[in-house]
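The following pair of complexes shares a single chain, chain A, combined with chain B in the former and chain C in the latter.
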Partner chain A sequence: MNQTAAAAKACVAVILLVAGGAKLADLSGFSATLRLFLPRKTPHLAIRGSAVGVVAAELVLGGASLCWPGGRWLNPVILALTCAFVIVTAAGFAIFRGRSCRCFGALSSKKFDLLSIARSGVLVVAAGLATGRLGPTAALSDLDSALLAMASALLVLATFTAVRALDASATNLGRT
Partner chain B sequence: MAYSVIFTVISFLLCVAAVLAVFGIIHVYMSGPDAIERDGMLSGSVAPSWSLSDSAGRIHQSPPASGLQLIIFGNHALKAFPSLLEGLRELSDLDPALDIVVLSDGDSSLTAPFFEVIGLGHFAVIAGSRSLYARYNVRVSPFMILVDSAGRVRASSLVNHDWQVTTLYKIACLEPDPADQPGTAHRGNQLAKA
Partner chain C sequence: MVKVPVYLEVAQWALLLGLGFLVVIMYRQLGRVFGSKPEFEHGPAIGSQAPGFEYLRVSDRSVQLAEPGDGQPILLAFVNPTCQACGKLVAAFTRAHAAGDLDSVRVLLLISDPLNYLPISAAFRETPLEIGQVVARTTINAYQASATPLAVSVDSDGVIRKTGPAAEVSDVRAFVQACLLVPPDKELAIVPASHAD
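This part shows the complex of A and B:
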């Protein structure tokens, strides 16, 4: 059980970090998706603020889960977040079928479809497995935590840079 | 084995795998047509609505009150833009009622005089923000989207040649009303797929 929970926790954390980093690099695109779910008259600043909030939640929760896996309070919060993803993808499928979900910013061209709901469901299952009892040796040493914090930062930075490079290469097509 | 060791090793491996996966995806996108084929909107989908003033201070809105509206994403400084001018002129003659709007991603104060000089001054030039481009899912330019008065996308594609302008318009006119025939929607970049 320990190993399953550890693997699931690490998987969910890494997925959250990649998703957060990719969304951070394409905030305009993600804001456009968020706009679909918000009232029509919602101010641009509020939409952008919501987008930043979602990105921050993903990065903080992913990073914290990876660096301090012993924190039991993180598990239900991450489980709730993944459940929210399922609700959003289901609503997107029902109302905005075929539109880009931008779950991974410009990194993905995935749309609101049945597969996106299934993917979110898998994430919920993984988050559920991660809530399993980790055992008495759950706390990482300071060195391990520091190394994983560095790995998390590098992962987010690499994702951010890669998505920005992709966006720039597409935007510059046909330019003088 | 202690949980902390298992967790640390798995986490490191996953981080490395994630970085490799991200760069692999980027490589696939950058080396193939996927980089541009995923842009635009499905025909039949609901187009974003907005109301903005052009460079002359006139208010324009999308979707249009009647007929079709051609939204051009890009600006006169684009390398491919001169290739579109004859197509735009032909289209303007073909359907004088067509509402043509240029959502300029550059300096719209320079784009508007450009259209004046080449005799297409009746085109509305509006400063298009990055977030507005994102709402249309457009990153590459010059890109065109045709929207009808019901607010539905009729056609969308990257355009590099003048013949593509008129072809896209014809596709939009041939497109059945999506409200009548659900499930007939096409992905954006219809010309690229043709």
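This part shows the complex of A and C:
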């Protein structure tokens, strides 16, 4: 079994789950970021729909990848998604340098900068490593998958709660 | 011995790291919350000179100039009708006024809300004390009244003696004492809430 591939796959999946949960808790903030990349006349509903779509993609792909590692078709899809992240952060750096990307909601105040491109690059590398063959020991029983699914749901819930709590405390601290 | 699939172990470690990441971020934020200055400490520095300012007197809609240091102690209260704690402060001031404890102090209730919000609060409707509306935002900034209620005691020389929140009669007593430069250990009789009602 390729342990590097397993570790990379699990890490990318967990990052996708955390990112999805954080964006879900701060959907309006993420929609504001998304608005930067869409034409000015894009209706609000379409922007919000796109935001929900990205969040759903992250959660579904992260969850499926973590709980059912045998599904090899997921690997190129996740690789494509991480490549899209690199393109978006590079475009953000070129056009909206210094603006907050809200990639992890209130969990992070990271902006579009060179470091954000590097981080996305690392994610692409990890997603690339995850495409390696995992071997037969990656075939989980239904019980194992269910356990991971429950843990994933808990992680998303914890992330959601953390983002909401951080947002509330930040608002209170900055109240004028 | 049960053999756990390697991938399951790796995935569990990754999940644990994810949770650990969340805990660290939450812990850092908690540190920021507890390490920050409470809002009631956002008032002006004690011992500094109170700045003068213009305000719109609500009773006759005329613009007045407040000049702390004109020889009369002044007790400023930054309050708003939309703030629940402010209603309690204004009620406490009203009770103190009824007991005659504010006779030697000028009290000015300063609001920043629109005037048509005043009837919202019974305490604001019923108080006989002078209410003024802040004309310029610079007044709020000069007194660092970033949150309401904020009371500011200014002595007869215009020096700020005490700032902070106030919601009870005992708080009003402390602020009046500060205005009059009465030591905190000396009693200043202000009628308790239960007697005034």
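The rule we apply is simple: the second predicted complex is superposed on the first by the 170 of 176 C-alpha atoms of A that agree within 3 Å, B and C clash if a C-alpha of one lies under 4 Å from a C-alpha of the other, contacts with A are read in each partner's own complex, and residues count from 1 in each chain.
Heads up, the rule we're going with is that contacts are C-beta pairs under 8 Å (C-beta built on N, C-alpha and C of every residue); 3 or more make two chains touch, one makes a residue touch a chain.
Bear in mind that the values here come from a model prediction, so they are computed numbers and not experimental data.
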| item | value |
| --- | --- |
| Three-chain arrangement built on chain A, chain B and chain C clash or fit | clash |
| Which of chain B and chain C A:139 touches, first, second, both or neither | both |
| Touched partner set for A:116, first chain B, second chain C, both or neither | neither |
| Partner chain(s) touched by A:159 [first = chain B, second = chain C, both, neither] | both |
| Partner chain in contact with A:151 - chain B first, chain C second, else both or neither | both |
| First (chain B), second (chain C), both or neither touched by A:44 | first |
| Which superposed partner A:69 touches (first chain B, second chain C, both, neither) | both |
| Contacts of A:29 with chain B and chain C, given as first, second, both or neither | first |
| Partner chain(s) touched by A:99 [first = chain B, second = chain C, both, neither] | first |
| Which partner, chain B or chain C, touches more chain A residues | B |
| Location of chain C clashes with chain B - one stretch out of 97-105, 133-141 or 151-159 | 133-141 |
| Chain B and chain C contact sites that coincide on chain A, given as residue numbers | 3, 6-7, 9-11, 13-15, 17-18, 66, 69, 107, 134, 137-140, 144, 147-148, 151-152, 155, 158-159, 162, 165-166, 169-170, 173, 175-176 |
| Contacting residues of chain C [partner chain A, same complex] | 5-8, 10-15, 17-19, 21-22, 25-26, 29, 32-33, 36, 39, 146-147 |
| Complex interface listing, chain A residues touching chain C | 1, 3, 6-7, 9-11, 13-15, 17-18, 66, 69, 107, 134, 137-140, 144, 147-148, 151-152, 155, 158-159, 162, 165-166, 169-170, 172-173, 175-176 |
| Chain A residues within the chain B interface of the complex | 2-3, 6-7, 9-11, 13-15, 17-18, 22, 26, 28-29, 31-32, 35, 40, 44, 48, 66, 69, 98-100, 106-109, 134-135, 137-141, 144, 147-148, 151-152, 154-155, 158-159, 162-163, 165-167, 169-171, 173-176 |
| Residue numbers on chain B that touch chain A, as the complex places them | 2-4, 6-8, 10-12, 14-15, 18-19, 22-23, 25-26, 29-30, 34-36, 38-39, 41-42, 45, 49, 74, 77-80, 130-131, 133-135, 137, 139-142, 160, 185 |
